[in-house]
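Common to both upcoming complexes is chain A, partnered first by chain B, then by chain C.
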Partner chain A sequence: MKSVLSDKRAIGVLLGPALLVYTLVMLLPMLWSLGYTFFTGSVLGGFEFAGFANFARFWNDPNSGPAVLFTIKYALVVTVGQIVFGYLLALLYTFFLKRASNVVRTLVFFPVVLPTVAVSLLFQKMFEFAPQTGLVNSVLNGLGMESVDWLGNPGTAFVVIAIMDIWRAMGFYGVLLYTGVIDIPDDVMEAARLDGAGTFSLIRRIVIPLSWPVIIAAGIFSINGTLKVFDSIYALTGGGPGSATTPLTLYMYRTAFAGGDYGYGSTIALMLTIMCLLVTVAIFRSTARNSKEFS
Partner chain B sequence: MFHSTSRARRTVLTAAAAAVVAIGLAACSSGGSGAGSSAKEFTFLAINENSTIPTVLTSLSENECAAENKALPLKINKQAQASLDQQLQLLGGQNALPSAFVSPNSPDLLKELDSAGKVTDFTGTDVEKSIVPVALSGVHTLYDDKTLVLPTELNIEGIWYNKALLEKAGVSEPTSWESLKDSFATLDSAGVQPISAAGKGGDGWGVTRWVGAYIYRTLGPDALKKISDGSAKLTDPEYADAANVVAELGSSGYFGPSPSSIDYATALNQFLTGQAAYYYMGSWAVSAFNDPEQNKIGADNIGFLPFPAVSGGKGSADQTPANVGTDIAFSKSAYDGDEKVKSWASCIAANYGAAALREGQITGFAVNGDVEVPPLTQLVQTEIADSGETVQWFEALFGPAATTASQTNGGPLGSGQLSGSDFMNTVQSSITN
Partner chain C sequence: MTNTATASPRPLQTVRRRRSTRSVLGKIPGWIVVAVLLIVFVYPLVWLVLGSLKTQDEFLNNPTWALPENWFNFSNYSIAWESTAHYLLNSVIAVFPSLAICLLIGTAAGFALEIMVFKGRNTLLLVFLVGIMIPGQMILLPLFSVYFNLGLSSTLWPLIITYTATALPLTVFMMATYFRNIPREIFEASTIDGASTLKSFFFIALPMMRNAIFTIALVQFFFLWNDLLIALTFTTDDSLRTVQVGLLNFTGQFGVVDYGPTFAAICINVFIILALYLVLNQRVMRGLAAGAVKG
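== the complex of A and B ==
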């Protein structure tokens, strides 16, 4: 094996085709898209070099600011929700349900395998205000409260999106974080218990620090997913009411595809990529600091 | 030995790389959909929201255009109206437009397709001679004096009302904007939802039509042309006022509790089941009004009111919002490259008018033969014949981005969540960008 891997030709043969396909279907379109950021025009009328005009336009565009803010708000709330609820589930599986957690894990994981559009339609019906009264409003009416136009108001529409996406993904993060929590050596836990640590003290001082790397990994997963959210919002609110729940991805999609403005659409995509990179780097940096504190 | 093995390896590597590149390129290339001379089918791209065109085309393929259909069988594909423009841009960019298709929501896009040489201009052809003058004038207004579409609809727009609901609330047919507004209040206090309007997602044009009509009545028939040529802005106070008036109707609840949750089909259903008194809509809805399955309030219970004049305004009620509605365009390469496609176009032009009228749809084609039509269709024919100057709809002269901005924000405007000024700011910024 060693002789095969030290042979450059063998490496070329093994990696070459995959690298070529990756270059064709990933790198090339990415570079192409990067190139589009310096052009204006459309596929029909042709493209013209525009220098940094698209970037200046992004800066002055009254729609880009709210889209960036919504993206950040959504990413923060949903990432925190997914990780916190996922971690609580992991603790529940490990310390309370123990061996009986299989059934619960499967049930909680179930929304992950459901198609996003199906989940969105389910939530649309559940939170419907008009023309029919949905389940949630029926319950409110039953309790003597007024119906709420959940998807018709920016604030409540955000709440429904956040609930849906946290519910949909917490099973996945529960399983991911569970693998980190069960990896903690039993003798460390035992020693802490002998030293008189209670359940909460054990979680705070032993479980969280020792599972921190997997929490960070889950956080990076989640924040990159939530910054790039598209399908759930597109299917649930279509970015509405108006453009109140329009993240950058949806704004990019509308600009590039509905508006045919690929240059500006690519610029929005590049901004989103930069945002994802900055957030990931920030998380890695804070992780490095935290690991030093814990060690 | 070593050399020959090395050469063999290089050959295998090169062949493998070439195969991968070929597969990649094949995956990236487009599959033409019938454009060009080798088309095996007459492909037509329809929209889910319009069932009349596919019905009439199917009827033609079985009757008047049976010979054309035998030579080149009709194949209809459908998709959502909201993503039609996007689909046509992509297909146009890949030279893969279907033989014929419902024209884009934004007339600007069809002009762009024309500039790129992708659509047929029927100007001066025999096909154009089948189009009646009022429809041809509407087509030329939209497409810079070119006949880029065949008018499979000819519509007037206005306010349809439920006679029984008005009578029950003691409201007589309003004759001015002021009396119309008063009637909203009367109906509302009588527990009747005054207006049925769609505002969900891209269906917000159900609300923005009110803005456009009010602008024409207050600022005159050239008001929106001034926006498209840049000599006025939607944020100018007199334009913003129109949106504010509609936002006020919304905050008073006249469009119902949540127009943002109501789509086109639901709004139509609300009116046709007696849940709302007024419904601003184009005459394309008359085919639904004439359908007893859909219309539960009775066709004779529906009246038509041209959008009334606003006191002190520069416009008048006889300036009728008229358009060629959902019309169809032909791919230039399919039309020029295939005589069978040309035959289809000629057959459609010659026979569509009568076939559609049998379905209750008035079109911009001359009708070959007598067709008996229901009273509501007759009413629309009379209104079209009597209409003076015609005007367009709110977004008619906007580009795709501004059209999307307007239509997606129509819902919040109609529910009073968005002020008129904010609405106009949003749309104007999309025009400017």
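== the complex of A and C ==
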């Protein structure tokens, strides 16, 4: 039967504008970016055909390797941190605070909606070394320890970035995972308790396996965000000290706008996109295998 | 987490009384965790607000946890407000029109993709999904070239256009999932009763979706308002800066870090979001979690 809801003209009017905007401002530029990877130059200075030179350059570039490694290191550490702390929060909400968890949930969620720039500047000041001794160093001094130049060393700068992005997002993952944990049927939990399961074995054998799909969904969402990190690092360290905390996104931005090389910038952006795709596909595959094991 | 915290969910009165001392003691570790959590999440913000009331002299000479000497020292705010006011206006001009356009055409597209009947609906939905995963860096360079060639570089149009498009995929996708829960018969009936499909959309679907639209608007507002990457790329002129780009450049403006005004500028940024969050926190949390699960 031909539905009354298949009026072509109406479909065109409803879908047309969104499709047009989406195609012109997102799909075409994406393809255009792919085209840029075969050129060198910029809109201000003009373009020149370069063949595969940009890809060869990416392979030999002494800066691209560290940027890829930093992107992966950051994505792994921060994603694991966000999920683990988020899950601990979810357990705290479910098993300890129970109905009283609303206030804590709302408070811990607040940084999620705060502007990244504001949070980054706040953390810059909190971890400041000089001229003002920041909050963290003051606490260290109070405990009789020396001040640390947090943002002045590559290793500690990474620690601050990771702490900040976990602080910013753990409330979000807490809420997300909490919905997965409270969805576990009460009778399953009660049955396990009657069988003599303590809290820890209950969590390990019942709660974690049953909320596993939500954990994976949260993980995919998190790693997709962390691979694309830009705002927080740009505002907190600017990629420094030196280029020690420069992920691919930031390296691309520098290359394209400070360096004026759109072709090579697009190549870096393409590499990042491929990374995002590979990681998502890999996680999907591994979960497909896992869910078979569980069922 | 403690054993007693998860002891049988509804214990009998007598059991509860017998256990009460043990249970109170057993809950102490849990409460310590909650207390630490609250300190970690609330104190940095309190410290920020206190800092915004201090003078430069207090910053450099008093310990960092000291309370402000004059609780009514709002001079930092007047300095910060001078530049921030203009940036706020830019943000409003860039964010709200894009939000309105995006919601209108995104809801229409969601309606068309989920309620209307035609070939290729699912493929189109997938095409929109691609936009959620692609990093923003992939579209920046071609867009920059186009805006430059069209002579839009010294206006806020690049921001409005780009924001509309980048918010579109998630809006379409979330709207489609909301429409999925509404029986198509409602619209079939109204069409048979003589309303055109467009009328059904405007007078039945839109009012019905009021809540969903508001939730998505809220979610997208935070994404666009807090955006740094796009704003940074397309605001080539100081007079076009959004509130985030303005804040980022605030410290640089005076050469030497001017702590009080910087803290006040961060505070202004935080207060705006806090005001929204105080009223709408439950909806914000639900909306963002839904966006993640569906994205």
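The working rule: the second predicted complex is superposed on the first by the 282 of 295 C-alpha atoms of A that agree within 3 Å, B and C clash if a C-alpha of one lies under 4 Å from a C-alpha of the other, contacts with A are read in each partner's own complex, and residues count from 1 in each chain.
Heads up, the rule we're going with is that contacts are C-beta pairs under 8 Å (C-beta built on N, C-alpha and C of every residue); 3 or more make two chains touch, one makes a residue touch a chain.
Keep in mind that what you see is a predicted model, and the values were worked out from it rather than measured.
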Thinking of the overlay built on chain A, is A:55 touched by chain B (first), by chain C (second), by both, or by neither?
-> neither
May I ask you to decide whether A:133 touches chain B, chain C, both, or neither, giving the answer as first, second, both or neither?
-> second
Touched chain A residues, chain B compared with chain C | C
Could you say whether A:257 touches chain B, chain C, both of them, or neither, answering first, second, both or neither?
-> both
Which of chain B and chain C A:212 touches, first, second, both or neither = neither
Thinking of the overlay built on chain A, is A:152 touched by chain B (first), by chain C (second), by both, or by neither?
-> first
Classify the contacts of A:231 with the two partner chains as first (chain B alone), second (chain C alone), both, or neither.
-> second
Which of chain B and chain C A:118 touches, first, second, both or neither = second
So, A:45: does it touch chain B (first), chain C (second), both, or neither?
-> first
What residues on chain A does chain C touch that chain B touches too?
-> 13, 17, 21, 24-25, 43-44, 131, 257
Hey, which residues of chain A end up touching chain C in the complex?
-> 3-8, 10-11, 13-15, 17-19, 21-22, 24-30, 32-33, 36, 43-44, 89, 91-92, 95-97, 104-118, 121-122, 125-126, 131-135, 138, 167, 171-172, 175-176, 179, 186, 190, 193, 198-200, 202-203, 217-218, 221, 224, 227-228, 230-231, 234-235, 249, 252-253, 256-257, 262, 265-266, 268-270, 272-273, 276-277, 280
In the complex, the residues of chain C that touch chain A are 1-3, 5-6, 8-9, 27, 30, 33-34, 37-38, 40-42, 44-45, 47-48, 51, 59-60, 63-65, 105-106, 108-109, 111-113, 115-118, 124, 127-128, 130-131, 133-146, 148-149, 161-162, 164-166, 168-169, 172, 184, 187-188, 191-192, 196-198, 201, 222, 225-229, 232-233, 243-244, 247-248, 251, 257, 259, 262-263, 266, 269-270, 273-274, 276-277, 281-282, 284-285, 288-289, 292-293, 295
Across the complex, what residues on chain A touch chain B?
-> 9, 12-13, 16-17, 20-21, 24-25, 42-45, 57, 61-63, 128-131, 149, 151-154, 238-244, 254-255, 257-261, 264
Chain B residues touching chain A in their complex are 9, 12-13, 16-17, 20-21, 24, 27, 83, 85-86, 89-90, 92-93, 109, 112-113, 115-116, 118, 200-202, 256-258, 260-262, 266, 269-270, 399-401, 404-405, 408-409, 411-412, 415, 417-418, 425-426, 429-430, 433
